[in-house]
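In what follows, chain A forms one complex with chain B and a second complex with chain C.
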Partner chain A sequence: MIERSPLLDALTHALMIVGLIVTAFPIYVVFIASTHDLPSVNQVPMSLIPGNHLVENYAKVWSKSDFGAKMLNSLIVAVGVTVGKVILAAISAFSIVFFRYRLRMVFFWMIFITLMLPLEVRIVPTYAVAADVAEPLRWLVWLFGIELALPPVNLLNSYTGLILPLIATATGTFLYRQFFLTIPDSLVEAAKMDGAGPVRFFIEHLLPLSRNNMAALATIMFVYAWNQYLWPLLITTEQSMATATMQLQKIVPGPLFGQPPIWNEAMAATLMVMVPPLLVVIFMQHYFVRGLIASDK
Partner chain B sequence: MADIEIRGITKTYGPTRVLHGVDLSIANGEFLVILGPSGCGKSTLLRMIAGLETIDGGEIAIGGTIVNRLEPRERGCAMVFQNYALYPHMTVAENIGYALKVAGRPKAERLARIGEIAKIVGLEDYLDRKPSQLSGGQRQRVAMGRAMIREPKVFLFDEPLSNLDAKLRVQMRLEIRRLHQRLGATSIFVTHDQIEAMTLADRIVVMHGGRVEQVGAPRTLYATPATRFVASFLGSPAMNLMPAEILRPGLARIAGGVDIAFDPALFAAVPGQQVELGIRPEDVELVRPGTEGAHALAVQFVEEMGASRLVHGRLGEAEFAVVQPNGRGTEGGETLAIALPPSAIHLFDIGNGRRLGLEPQRLDAVRAA
Partner chain C sequence: MQRRAAFDNLWLAGALIAPQLLLVLVFFYWPTVQALYWAFSTQPPFGGANQWVGWQNFEQIFSDSVYWNSVRVSIIFAILSTSLSIATALLMALMVDRQLAGHRVYRFIYFWPYAIAAPAVGLAFRFIFAPDAGFVSAVNQFAPNLWNPALKGWDAMILIVIANSWKMAAYNFIFFLAALQAIPRTLIEAAAMDGSGVLRRARDVQIPLLQPTLFFLLVINITESFVDSFGIVDITTGGGPARATDLMVFKIYSDGFKGLDYSMAAAQSIVLMLLVVALTFIQFRYVERRVHYA
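Presenting the complex of A and B:
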C-alpha cells in the first residue's frame, strides 16, 4: 500500500503544503491585522506585510478590556472543567466496566444518552436548574407530599455555575470505557489475588495505566471549556465573572454601537486568547496522540 | 500450608454445565496436577478454589475452613496466571512486592523480602525493569516471585508454562519442582501437557468434560489407566487402541483376524464381549521373524525421534505404532515381526470406556505382589 517514488513524494508534499497554507493563512492574516494601526487595517485590500504597531495594540487591548482578570476567569473555568471531567469520567467508567450490579445497563444508557444532549440542546432547563439548584429537589419533595421549605440556591455568576454543566456529558466516560475494556481480566484477578480492593485497584492500577487517556481527555476538555461562549454568556451577568471569549465579542463592534470595528485590537485580543489552549495542546501533544490512537501495552 | 477438600463442586455458565460434581482431597504439601484437554473445566475449577469464580454447588475447604463465601484475599492462595498478568506500569520489584504493600508492611521489610525472593527466582539484576523489558522466562519468574512473597498456604498455577518455548519450559518445570521442595506449600498445577503433568505431579487428576476421570500417582495412571480416555491422553506416543472381541479368557481378536493374548487374571472378560484393546507403542517387542506367537506389522512410514524411531503401520486392519530403538533401520513397505506381551495389554469396555475387570486400586496390589 505504501509506495515510495520521487513523484509520489513530491505530490504528497505538495498536498501537505497546500493543506498547511489553507489552515495557516487565516491565522497569518489575523496576526498581520494585529500589527497595524486602525487606518491601515481598514484599507482595502489590507497589507499582508507586518506593520509596526504590534506592542502598542497588544498592550492597549490587554489593559482596556481587562484581559488579565478575564483570562484568569477562563483559566479557573477551564481547569475546573478539565479536572472535574477527568475525575468524573474515570469514576463513572470504572463503575460501568468493572462492577456488576442491578440497573448497571440503565445507568450505562443514561450516561450514553447525554452524548446526544450537548449543552446547547439542554441550555434552557440547565439554566433553570442553575438559577435555582433546589428546584428539582423541591419538586421531588412535593411529589412525596412532604411539607418542607427549601431555600433557593443560586449558581448564577459563580464559578460552580460556569463549571458544573460543562462537566455533565458522557464523552470522557466513553473514552475511559473503551480503554478499560482493553484491560485484561487476568490483571484485575492478579490484583484481587494480591489482596487489592476496588479502590486500590482504581488508584494504583487503573489511573497509572490510563495516563495517556487522561492526558488526551484533559487536553480536549481544556480547549472545549476555554472556548465556551454561549453558556458563560447566559450564566454571568456581572462583568467581573466574564470569561476571555466573552470579552472578545465586546471588542469587535467598538465600545459603542455605530462606531467602526477596531479590527487591529480585536485581532490582537483573539491571538492572545488563543495562546493558553495552544500551549496546553503543545505540552500534552505527546500523550494526547498516544491516548487517542490506542492503548500502549 | 493447608489441605484442601473439594466436595461435589458444580459450575454452570448459562445453559451449559462445565463442572459436574467434582470431588477431590488434596493433602497438605502435596503437588497436585490437574490434567485434561482444553475446555474440560480445569481453569474453572482452579479459579473456584482461588475465589475468582463463584461456586454454584458443593463446598471447598482450605485448611479446614469452608471458603465458599470468602474473598480471594481471605483464602490464602496465590496464583500464577498463564499470561503472567504482571502489572505493566510497575517495575519488577514493585510487582513482586505488591502484595506486601497492600498488606501494609513497612517499606524496609518489603525491600528485604523483595531482595530475598528476587534471589530465589534469579531476578536480582532486573528489579528496576518494567515487565515489557523482560523475556518470557523472566516474566514467568516475576509471576512466581509475586506469588511466593506472601508465603501463601496454597499455590495455584494455571498453565504457567504454555507460553514458553520448549527448552525454557523444561527448565522452568524443574525450577517449579525445586521451589515446591523448598517451600513445601500445597500446590495445584493446571496443564493440558501430559509430560508436564507426569514430571511435576505427586498425584495427577485427569479431567474430561467437566468430570474427574482418574486420580492417582503418575506411575499408576500410566500403568493402569482407569478409562480409555486416560489411556489415550497419557503417554507419548499415544497408546494403540483398537476394537476387539473376546474369544475366550486370555484371547481377543481384532479386526483383520489377528488374535492377541492378554492376561486373564487382570481382566474379567466374557467370550463374545466387545472391548477396546490397547497397548503402548513402547511395550511392543520387536522379535525375529518366525518367532512363535509373533504378529506381522506392515510398515507404512517411520518417524525419526533421535533416540528412537516411531514405526507406523497396520496390524490386521488397525492402525498401529511401535517404538523401535535406534540402530536397526526400517522403511515403509517392509514387514516387522512384533510380539505383544500379554501383561502389557489393556482392555476397556467399548460402551462406557471403563477398564475391564479389577478395580485399578486392587490391580495395583496385584501388580505389587
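Presenting the complex of A and C:
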C-alpha cells in the first residue's frame, strides 16, 4: 500500500523488533547457557556472550545420559509415525472417496470422530490397552462365542507401542479426503477408459498429484511425533527405550532433590531436543504452514 | 458427495481401510469405552473384577475441593494464556501483513516456537524465570523472594502462562496471517481510496473479516490449554507450589499413574472429554458453515 505514515511505520518496525526479540530470546538464551560453565551460568543475570565450554557441555550430556541413543529413539518414533501416517491416511482416504460401498460414510465418521479427543484425555485406558493389545480382540472373540485363549500382547517399551497410538487419529485421512474430493471425475473416467484398475489409478495418478499434500502431512506429523512427551513418559520404563523429550525431565534435578539444577547441561539437552523439528520446519516452511492450515489440526 | 465415477472392488476397498479402522478401534474406541466403564466402577482393594458403583466416583470427585481447585486453576490458565497468545499473535500478524521492509524476516521467524516441544519450552522458561539463576531473578536484588515460582502460586501460574503463550502465539500467528492474506487486496485498496488510514482499516475492515479465524483459534487455544499443557507443567512446576498449577490433565496423570487410582482418573478423564467434545462441537458447527469443497 502506497501511503505515507512515517510515525506509524516507525512504531510498527519497533513493535516487530520487540516481537522478534521475544520470539528469539528464549532460543538464544538456551544456546548461550549451554556454552557456559556452572558458576557463570548461575550468575544473575547471566552473560549474553557465549562462553567457551560448548563442546565440553554437549559431550558431557551426550555421554552422561546416553543422549545419543535417546535422540535415535526419538528419530525412529518420529519417522515411524510420519511414514505410517502418510501411507495409512492415503489408502484409507482412497477407500472412502473412490469406492462405492454402503459403510463408506460410517467408516468416515468413525475415523473423523477421533479428531475430537486427543490422546491426553484418554491417556489412562490407552495405557491399559498398550499393556495388553489382545484385550479388545479377546472381547471380540468372546462376543462371537468362540473358545480361544489369546496370550497377552504387551506393547510397553517397544517402538510399536510408541508409534501406533499416535497414528490412530484422523488428521491425515481428513487432509487427503479433502484433496481427493477436488480431483475431477473426468480424470477417474479417463483412467478407467484406458484400462487402469484402482491400484494402478492410485499409484500412477493419485500419488503423484498428492505430493504436496504428503509433504505437508509429513512435516506436521514429524514435528508432532518428535514433540510427544506424555505418551512416551508412560509407555517406556526401560532407559533403552526412552525418547529425548522425556530425558529433559530427568536431566534437571528438581527442588525435591535439594540441589540446584545443572543449568548449562540442561540447556544443552534442551537445544538438542529443539533443533530437529525446528530444522524440519525451517526447511519445509511452506509445507508446514500449509499442512497446519489444511488439516485444521 | 457421491462421486460419479468410482470403483466397485469391495474386497480392495475393505483391505485399504482395514488397517486404519483397526487402529482406531483398538487405540481410540476401546480405551474410550473402557474409561467409561472404569468411571462407573471401582477396583476392589484385594484384586478381582471391577464392581459397578454408578455415579459414586463422580460424586466423590465433585465433592473434592482438590478437584475443584484443579478446575479453577485450569480455567484461569485457559483464559490467561488464550487471551495473551491471541492478542500478541493478532498484533504481530497485522503488522507483518503491512509488508514493510523486512517483513519476510519477521514472518519467517515468528512461527518457530510452535515447532519446539512443550517440555523444551518449559525448561527454557524455567531457566529464564528461575528464582536463583537466569534473568528474572534480578528483581530479587530489590527484595528477597519478590519473584519465586517455586514458592509463590501466582508466580508459578505466570510462568506457565508465558511459556504456553510463547508457543501458542506462533501457531495463532500462522492462522491470522493466512487469513489476512486471504482478504482481497482490492477491498483494502478501496478502503484506502476512501481515505481510511492503516489503523482505521485494521479496525473496520481487517479485524471484522478475521472473525471466523478468531473464533476457530479461541476454541483451539482453550482446548490445547486443557490437554496439551502437560509437558510445560510437568517440567516447570510439577503442579506446585501447593497445587497452584495443578491443571486437570496433570491431575489425571498424577492420580492415575502416581496414585494408581484408575477409577478416579477415569472419572476425571470423562469430565475432561465432555469439556473437549463440547468445545469441538461448537467449533464444528461454526466451521462447517465456512467450509467449501473447492
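In this text, the second predicted complex is superposed on the first by the 261 of 297 C-alpha atoms of A that agree within 3 Å, B and C clash if a C-alpha of one lies under 4 Å from a C-alpha of the other, contacts with A are read in each partner's own complex, and residues count from 1 in each chain.
To be clear about the criterion, contacts are C-beta pairs under 8 Å (C-beta built on N, C-alpha and C of every residue); 3 or more make two chains touch, one makes a residue touch a chain.
Every value quoted in this text rests on a predicted model; they were computed, and no experiment measured them.
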{"item": "Clash or fit, chain B versus chain C on superposed chain A", "value": "fit"}
{"item": "Contacts of A:Ala131 with chain B and chain C, given as first, second, both or neither", "value": "neither"}
{"item": "Most chain A residues touched (candidates chain B, chain C)", "value": "C"}
{"item": "First (chain B), second (chain C), both or neither touched by A:His205", "value": "first"}
{"item": "Chain B versus chain C as contact partner of A:Ala69, first or second or both or neither", "value": "neither"}
{"item": "Partner chain in contact with A:Val281 - chain B first, chain C second, else both or neither", "value": "second"}
{"item": "Contacts of A:Lys192 with chain B and chain C, given as first, second, both or neither", "value": "both"}
{"item": "Smallest separation of CA atoms, chain C relative to chain B, angstrom", "value": "6"}
{"item": "Residues of chain A at both interfaces, chain B in one complex, chain C in the other", "value": "189, 192, 297"}
{"item": "Chain C partner contacts - residues on chain A that touch it in the complex", "value": "1, 3, 5, 8-9, 12-13, 15-16, 19-20, 22-24, 26-27, 29-30, 33, 41-46, 88-89, 91-92, 94-101, 107, 110-111, 114-118, 120-129, 133, 135-136, 164-165, 167-170, 173, 178, 181-182, 185, 188-189, 192, 197-199, 201, 223, 226-227, 229-230, 233-234, 245-246, 248-249, 252, 254-255, 260-261, 263, 266-267, 270, 273-274, 277-278, 280-282, 285, 288-289, 292-293, 296-297"}
{"item": "Parts of chain A lying in touch with chain B, wherever the complex brings them together", "value": "184, 186-187, 189-196, 200, 205, 208-209, 297"}
{"item": "Chain A-touching residues of chain C, taken from the complex the two chains share", "value": "1-10, 12-14, 16-17, 19-21, 23-32, 34-35, 38, 88, 91-92, 95-96, 98-100, 102-103, 105-106, 108-121, 123-128, 130, 132-135, 137-138, 140-141, 150, 166, 170-171, 174-175, 178, 188-189, 192, 197-199, 216, 220, 223, 226-228, 230-231, 234-235, 238, 249, 252-253, 256-257, 262, 265-266, 269, 272-273, 276-277, 280, 287, 293-294"}
{"item": "Touching residues (chain side chain B, partner chain A) in the complex", "value": "47, 50-52, 71-73, 77-79, 81-83, 85-89, 98-99, 102-103, 132, 146, 150"}
